[in-house]
């Protein structure tokens, strides 16, 4: 079946498609490039790394794991939005510099979160991609600020955001002149309590139908359970996701943050192998590091 | 990664696993047999058919479509739970007899919904499998009644039901002596309005982790949009579903009920082909009709 | 401010008002009479009693409490919809006969739940009002069956039912010829977990704006916490509710069901006194037993 | 019934009460003072004003309306979080200066929203109270920034925030040394679509039970319908709210933002009169302007 509904607002009732995100005149999906990695309709990009940068040793160790398993990009939070002020708040600028060191060691570009308009310029000097997290999806000054940078943006869906609000948040960034935006479904809040959030995989076909931006999925926050990550990662790829962002920790049981939803190196290796098969089954492929192509 | 959490209640916080459904002593997944079709950990069962039995011609025509495409079982509602009393309420007993005729013509066993304790005995004489729908998942007298029959039961998750309530509803059936129960995720109600429901695919790994019953997925009600069905059907198989139940209509644009979420014959054919590839990629297969094995 | 929007469907976007419930030609609110008690736009009716009929002693003792405090009607479940099949399932027909005895002793008419179409005729012989509970709000055969009786119906909102679905469920009853329907808001399911449900008090003005039926509120199931019942009961009256149904137990700590949300005799007395003041403040009054008027 | 559960975490299952907000050693409710207005357990504070500051004329005209009706404090947004980047974004600093002028004219102190850490210092020079809006309830840098100011803070509940997350957000502010925080319930997001949000009035007794901070209610955003505001305002006071914040516009039909949920001057007058009666019925009173006491 051809999904030839691109930019036809009538297919989703009640959703007022914004202007730049849907860009009715543009039928083809966009490609977004971050540190040499291409997000788009062909190769599926795997981003992995720890929830938070906790120490130099932890970050460099985990970056090696991501590299070896074939991941294309490193993730890791230096500025952390924590529900409680009494929990570990991240290493801040020091964490950003550790990410730079990990990139130097492994060649992996990295994405990291910004939470405050005052941090954006600093982080943009180092990071290959700026993440706006769920809790800040409707932090409009922050969206405008990242929209003024020359760095691509990973915009995560708010846990309470409708598809329309999500697209309008992206529109805030595009409206400042930055059209390098990747959307990320990461689970929405529902009444169900056996999972941390309810991963809304139908957001993948909906978003790809309504707009031209790449769409990736975060099965770690989307489920909150390490053992559920592989099943949902495979489902996300089968649903048409252009990439995955996953929490991996070289020693999950020692993680300061979200260890219960981080997979370990062996699990990542096995999952990468499974994902390659699923990607082939739907006529796509898992994007490979350029070095391995040489 | 081994999902060796079977029957370990600690893996899902806050979920009190009931006795028979989880049967801690039984590690192996159950197999449920309906009209010669086996639901279980190996072959993935495809059930398809119209939302409602609307006429003899429509049902027999659609049953042929299902048969030709390789579907294993026919679905069709004779007793219909409609939100408004002024909408088509189903053909009732006459509809059940048409389903019997379709089975005679095609060899496909059929599943159909029961809504009233007083209908159960009648329907159980004809149907190969009794469906308890979402709106009746906590209709306890109905659960007890189907629990007293010798027919397998397809139990759909309530649109508002937690995983724990879903398992306890199954427990009502098992507790009457009927352990032939297949669970079906069909979307839950959330704040999102671009889809009819939010298909909770993480329910697949959660349910398979907490209990031994087969788990299938309904991507038609789960999304409410015909063009979204293929993406979510593929995702469901990748997530580990043991089967799919989908709405197919030989002429969707003429359907009296849910035509907007029914796929047509060509879409079903193409999807079956895609599903076979996904199943292989995860080490399983789409169950084939016995006749085709000959 | 005049709420002169009666039957003007435009005031609530997206709600297709059904025919009989909204009865556009009828501006005046309906009055529903049950066992001599009038639900309508003037006196506010207090219904109280135990969650479940547990024993003759418990029921008769609690009925005396309700009588003494000025309650107008007794509630008590004989057929109980319990989430788990292993919990107390109610005393059934024996419970209904105990309710009859309590009525004889106190003069209080009673309302009790029906769950199965096969119970309706029996219960209708005894009860003054038939309750259709939340889990059965979309049990259409049951709605039709109570619609065929000559007894008034207390229809509780499903815990995940929209206002429109609630009105359409009422429409099923009216459509059978029974227009004696009282609607009851009892809390909806949301993500919040500090309360059992989220009591949606805005449903009171919305329902009264869209239809002519009396609307009452259940603050016991709506909150799930005994200590929260008084605050929400007062709020419900201030919001315009035509009555309240509350769980009271003569010894809450010994209740087999929902003791944590049942208030005790002293709390009921104090609350009745507070409710009378609130009712006066909004130009209404708490309906008094006819005997006390003599 | 005495609500003597202050600071007893056991009364709300699953809610981990944070340290300063609950301050177990402090049984008495706090009083927060903003521009001479006291929020606390006695007088109920009415805050009113336009959604957004749209023009000098509109603001000064509406401020007069609020003053005449007996409101104690003016609200009005200068920095506006709008879902779409193409809608009116507020007058910014100019709007703040207009609020100052309105204060000079009427003597009413004002509360206005801050969205960006970089605005906080500027706004704090003018405003009597800083508002952190729903979309920023988990904007932790912003919470920390307002926590470092010497101005009281009006913290609105996120539209999908649990009670626990709401208390932890307040904790971020208190933890910086600013204990002048007023909590505001303003409706949560649910599946219901006839109201803009579902006003969760049970949050009032829950919050007052779990913490010592004053709790007010916003019935304008909580319902999204002008004609529903009076019913829910009365219910909020009956439920125990320490104040109300409402959208009022001198000409609602001309409002650039949220006119459909703004009441007009006559409606405000009538409502104030009704609220005084409800407050008396529960043993409290609507706080009066000091000038009128002279």
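Think of it as A, B, C and D in the order they're written, each chain with its own count starting at 1.
Here is the rule we use: a residue touches a chain if its C-beta (ideal position, glycine included) is under 8 Å from a C-beta of that chain, and two chains touch if they have at least 3 such contacts.
Keep in mind it's a predicted model, so treat the numbers as computed, not measured.
> List every chain that touches both chain C and chain D.
Shared contacts of chain C and chain D: A, B.
> Centroid from C-alpha atoms only, then distance chain B to chain D, rounded to Å. What do you get?
Centre separation, chain B to chain D: 48 Å.
> Report the inter-centroid distance (CA atoms only) between chain A and chain B in whole Å.
Using C-alpha averages as centres, the distance is 33 Å.
> Using Cα averages as centroids, what's the distance between chain B and chain C in whole Å?
Distance between chain centres: 35 Å.
> Which chain D residues touch at least two other chains?
As it turns out, chain D has residues touching two or more other chains at 160, 189-191, 193.
> Going by the touch rule set out above, what shape does the chain contact graph take here: line, ring, star, complete or other?
Per interface graph, the chains form a complete graph.
> Which of the residues in chain C come into contact with chain A in the complex?
160, 189-191, 193
> Chain B touches which residues of chain C in the complex?
Chain C reaches chain B through residues 18-19, 81-86, 115-119, 135-136, 138-142, 158-160, 165, 168, 171-172, 175, 189.
> Flag every residue of chain A that touches chain B in the complex, lowest number first.
1, 3, 5, 11-15, 160, 162-164, 188, 190-195, 198-202, 204-206, 209, 222-223, 225, 227-228, 230-232, 234-240, 263, 266-267, 270-271, 274, 277-278, 280-282
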